[in-house]
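Look for chain A in each of the two complexes below; its partner is chain B in the first and chain C in the second.
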Partner chain A sequence: MKAVGARLPRYDGIGHVTGRTSYVDDVRVPGLLQAKVLRSPHHHASITHLDTSRAEKLRGVRAVITHKDVPRNEVGLLEPQGFPADEPQLARDVVRYRGQPIVAVAAEDVDTAIEALELIDIQYEERPALFDMRLACEPDAPQAHEWGNVYPHFGPYNHRRVRKGDIEWAFERADTIVSGVYRPQAIEHVPLETQAALAIPEPDGRLTIYSCTQAMYYTLSIVATHLQLPMNRIKVIGGTVGGGFGGKVDSASDIVAALLALKSQRPVKWRWTREEEFLASSTRAAWHIELSDAVSSDGWILGRRMTTLHDAGAYARMSPYGLTKHAFHHTGAYTIPNLKFDGFAVFTNRVPTTAMRGFGVTSVSEATEIHMTRVAEVLGLSPWEIRLKNANRIGDTTGNLVAMQDPSTVRVTLAAAERIGLELAPGFRNMTGDRRSGDLLPEHLVAQQAPEGVHVLSRDATANGGGS
Partner chain B sequence: MELIINGVPRATASSPVTPLLNVLREEFNVTGPKPGCEQGGCGACTVLVDGQPRRACLLAIGTIEDAEITTIEGLGTPQALAPIQAAFNDRYAAQCGYCTSGMITAAQALLDRSDGPVTREEVLDALSGHVCRCTGYVKIVDAIIAASTGEFDPPPDDDRLDPSASEPEVQVRGSAA
Partner chain C sequence: MAKHQGRGFATIEYPTGMNQNGDPSQAWIKLKPDGRVDVFAGTVDIGQGSKTVHTQIVADTLGVPYDWVTMDNTNTDSSAVCTGTFASRGTFIGGNAVRYAADRVRERVLAIASEEMEIDPADLEIVEGEILPKGAPSKKMSLSEIADAATYKYGELISGQGTALKPLAEVSDHDGSVTVEPHSAISYAACVADVTVDDETGDVEVTRLISIYDVGRAINPLLVEGQIEGGAMMGIGLGLLEECYPHYPSAEHRGEQFGSYLAPALEQLPDLDNVILENPSADGPFGAKAIGEMANNAQPPAIIAAIHDAVGVWVTQLPASPERVLRAIRAKAAPRRDGKHVIFDEELSIRTVTSDGGAAFLNTP
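Our next item is the complex of A and B:
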């Protein structure tokens, strides 16, 4: 335990400050080829004709790959969790977002690779494109995805749902109903190191991949699945990431580099330009959140109805997972006994969205915290005191019936108040997160409590779908 | 033509319009300067040309023949850190590290042209074209001020820093203030 609380030097600090840290693009290998990728110029289109023969014949080109060269083209990032695959590594007959990879080239230098892309004969038939997730839910909206515009695989449902208590009772009993719409926007991660991978075919038939991935073992399994190779044939070297923030969990560059290396039997590097990064790398999703709270005039949140739309972009990737986290956190740090939540992952023709710093949770926290303050304003109460009153306590249960063992809401709120010198009313100043009693245990909060002495109330969440 | 890179004259076969960053990284394997945007917008490729911070990605080598080019590698080594490098390390001013080469190089130019302690405003001005997407700016600014005042500790002795372990003592090169 010598490290806990100690001020230790960073293990990689000296490398960083001397420019000696080796990122993927800094690795030097002899015989290196450079990769470039033909990306869709359209947001949504059918590919009606594709001929790469002229590019293949260009002097200096060592490999050209299309969907036909990917042993297993469609792999789902959440397949091990039971979610089906939808996204091709290289597009086959349709492109669903601008910048989607279609053909990859490895050549002796970047200029030759770019020249080869210009020799690819490809024709498209444009389809109507969809950019607004609310329009996606209209019956006459263009269809963005082969599964329709709403992700359909949450078990028996086409949405992630939470049901708890008696939501009708809460809204009948309410003195006031406070509603709001919140729309956290898409954000590009913009790591200073763009997506990069270096794949090296080894003489013994194995493959070494220098990767900028945030998740090496995860990337190993995704690459192995696309390549249909056993994992012991692939060695992923990484851990030195020039900024990721969630944008480097999708293995965006590893698979194409690996396929080109295997086909050319030469080391291949694929480093995205900044323009490609902005055009085609995944972003944090945009969200549309509609929220109604049934509240009593003395500041109890009796019930919450919430509908969330999550912009998955053109393919599912991690969206069902992010939306699930969003669902599980939709009461924030507070205990609300009656809940009705429906969350939809909606397909559009924007770039696929993915994790970014608090995947699915930052969006719901933004909405629910702004909303808590609005509820306080409507009721004429202190935004601090309404938070403390409804705060999670030991023995309370979350929306998906996990019993709280050590919730931090009360002590964090009190600490924040103290740090800004806020004087709370006497009844709030000395609050703890202990199990509810007295005034803090009104009739409407009794049934939601876990039995005393039972610390974990775990329930299979199959009612929410997804086999979780 | 010849380029003087970290004090060493190097003959290059590249065309005079080639960006310095490409020549440094691809021809001479000087990989400290990073390609962040290759459009002059992020500062990760910053090097010193005759002591002035310049964007290597936008600088055609034909314009800097005979100039002294200093990269992060020319400021100090793992065994003999420059004060600015030691301050960055001590103050945890590097996060992912990708912007760090450019930040430190620009900071060195500021320290060189300032005589003694620098102000927060001077640091912000010197770093105005540098992006840190880990958003570690406060510690970066603190480290540069600390380097200018000498208020930082050199790294502890550590055998890992020297593969041969024959000279384990880590030194800080030059004087701090």
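Our next item is the complex of A and C:
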């Protein structure tokens, strides 16, 4: 029997549904301490006074840590990709979102740890907070981030750009220009297993971390960098996750548990409560997308102008990555020869946002597909046929001039039409994803076409992409 | 007061692997003395079934029964680098890593079998755990015998390692152009949504979702359907239910427990009609592409189009909650027309809400 193509059940399905799968919280070790973390009650504030001495003296408390105890407090999730670090593991003199960790405590039991948090003497001076990313550049806007309210590190730019063809030509030539605003919302990951880590200092000096991470090696690297330890001093145990959806990539719980374990020389578990998971864990970002399509009356999309604001929340985390992916896919499953895209990652005083299923592209699909149906309506055309007409075909290029090798826009669209018994006009019914020719290769699409065998088209080839 | 039926659809694409690449997955495989197969890879299974899929790929690449293969993905000591389970990269990139490793194990098995059987390795194949001379299958040996000979006669641990890595695509900050393809493959999907809209309550019910997915090759159709159906529910959450900040942009009134945050539940389960198309990729394992992340991307725009089809209004601030749908029905907003411009949603635009017409965001060179 061939295994590939077989409808084999998941190896772990029975364990999951009978409660026999072991997650981080199920691991039992002797001498375990419980961790709790003091989180900012304010959206934005200066920390003017911090004294943990009374908490440290509480009976049953084995370790208290602040930013001073983190060998390297700021580690960027995208540092290997060249994006600088901005987020402290434990806040130093300012908190930028409600729920930000400031002090962590390890104690013999949860109640003692909570009591210790109440003994921490901390004073804040509240600062104005920014929530509406559209207002980030207003003259009186609160400053959410030390870098300003707009992420500044896309080379010389403060935005991720795509430029293709001749956008001015497209908007001049257009019979109609359709504009819309799309606002995909922030949502929670809602895993059944909340963020959790168990760190064990081993007798040989190594550190074992049971982690709920979606990426063991990534977590190993992030933890080792915070702790300034070589990779062989840490063993990450994981591989099974009680719901991730992108929310368990950032190593939200591993580092604090590791630091407390090293300081107390006892095993430490940090398991977030349901309330912490909802209120302090990262979310999918909210997006604000302004989209204008230059179209001809017979349904060709000649050009697209798009401005995207991505709500990064209080720190950058994965935002530059997600925004770049968003930029690369902002034409959806269609070919548009002339493009001007600007994407801004905007800092606000919300919980930092991060990856979630479809990261960067879910918002594109939502905005551009709603817009596509609107454009069809404005032009009085079939929403199916306008999609098929502009569909990606072999040799068409994306915004960054990557050539389509075998796109399936036409294939899946026709299959959907057939499934609902929709009768398309003859020219559409038999369409394929093959190279453009004849009526489907109008003058304005010629320059963006890549020759056979070419995977990325040279920029010079489309300098006058309007084809006029 | 009436209920209105509507239908909408959307077509989407989604890339496989991390944007810009540079994200390795590595694996290594060893044989036990009875020929059973141990796979070590760092691919975390977040519930999508990647461990099952990796095992299937190894079984067929090596030519052994599925239940001969065991995968260990439990820790960073025994497993090599896996960048992580995200970016829809598990089956394609993690799967290629175990496939390459299995190819090497297969080469070593055939090399030792060649010695034992005195037949050129090019004339041997492995089928269901047996080494068969091509054209003379009766002269077969079992893989168990070969692994035993390797261990106790030749003194060799039959093993192999593999790395899947597509080189980093450099991006021009000026125009977004790239040096190489910034993905491994692209998957496609179309979704048709049927809804019922209550014009008195604003409530929207998704009654049916038809989903078409080109996943290249379905290594495990059961698990692909699991992704489609789980994604469909998350798509309904995005389209109709979920919101961290119910009074956005206010940061207050966040749901802090299951009772105050509207995640989709079985109550929302519509009729699901799933269609898997197989248009194989050039270099994924057995032609696979990806399904993971894209599975919640097509439903929200299909649902919004269906609401428009039902009651003639556009809701472009997601989710389309009953309140937003009712407000849209009452407002009956039409786009502003100015020459050849047709302008929707003007009240939401940066141009409208900022003091300078949104210059900081809109006036880029």
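As a working rule, the second predicted complex is superposed on the first by the 451 of 468 C-alpha atoms of A that agree within 3 Å, B and C clash if a C-alpha of one lies under 4 Å from a C-alpha of the other, contacts with A are read in each partner's own complex, and residues count from 1 in each chain.
In this text, a residue touches a chain if its C-beta (ideal position, glycine included) is under 8 Å from a C-beta of that chain, and two chains touch if they have at least 3 such contacts.
Given the structure is predicted, the values throughout are model-derived calculations rather than measurements.
**Student:** Count the residues of chain A touched by chain B and by chain C, then name the partner with the higher count.
**Tutor:** Higher number of touched chain A residues: C.
**Student:** Please work out whether A:Q185 is in contact with chain B alone, chain C alone, both, or neither, and reply first, second, both or neither.
**Tutor:** second
**Student:** Considering only the touch criterion stated at the top, classify A:A355 as touching first (chain B), second (chain C), both, or neither.
**Tutor:** Only chain C is touched by A:A355; chain B is not.
**Student:** Taking the superposition on A as described, I'd like to know which of chain B and chain C A:F83 touches: first, second, both or neither.
**Tutor:** Neither partner.
**Student:** For A:T18, decide between first (touching chain B), second (touching chain C), both and neither.
**Tutor:** first
**Student:** One more residue to check, A:A215. First (chain B), second (chain C), both or neither?
**Tutor:** second
**Student:** Which partner does A:P9 reach: the first (chain B), the second (chain C), both, or neither?
**Tutor:** A:P9: touches chain B and chain C.
**Student:** Which holds for A:G238: it touches chain B only (first), chain C only (second), both, or neither?
**Tutor:** second
**Student:** Would you mind listing the overlap between the chain B footprint and the chain C footprint on chain A?
**Tutor:** Touching chain B and chain C on chain A: residues 9-10, 12, 16, 190, 240-241, 243-245, 274.
**Student:** Using the touch rule from the top, collect the residues of chain A that touch chain B in their complex.
**Tutor:** 9-10, 12-23, 25-26, 28, 189-194, 240-245, 271, 273-274
**Student:** Which positions of chain B touch chain A when the two form their complex?
**Tutor:** 25, 29, 31-39, 41-42, 44, 71-73, 75-78, 81, 85-86, 88-89, 92, 94, 96-101, 104, 131-134, 155-156, 158, 161
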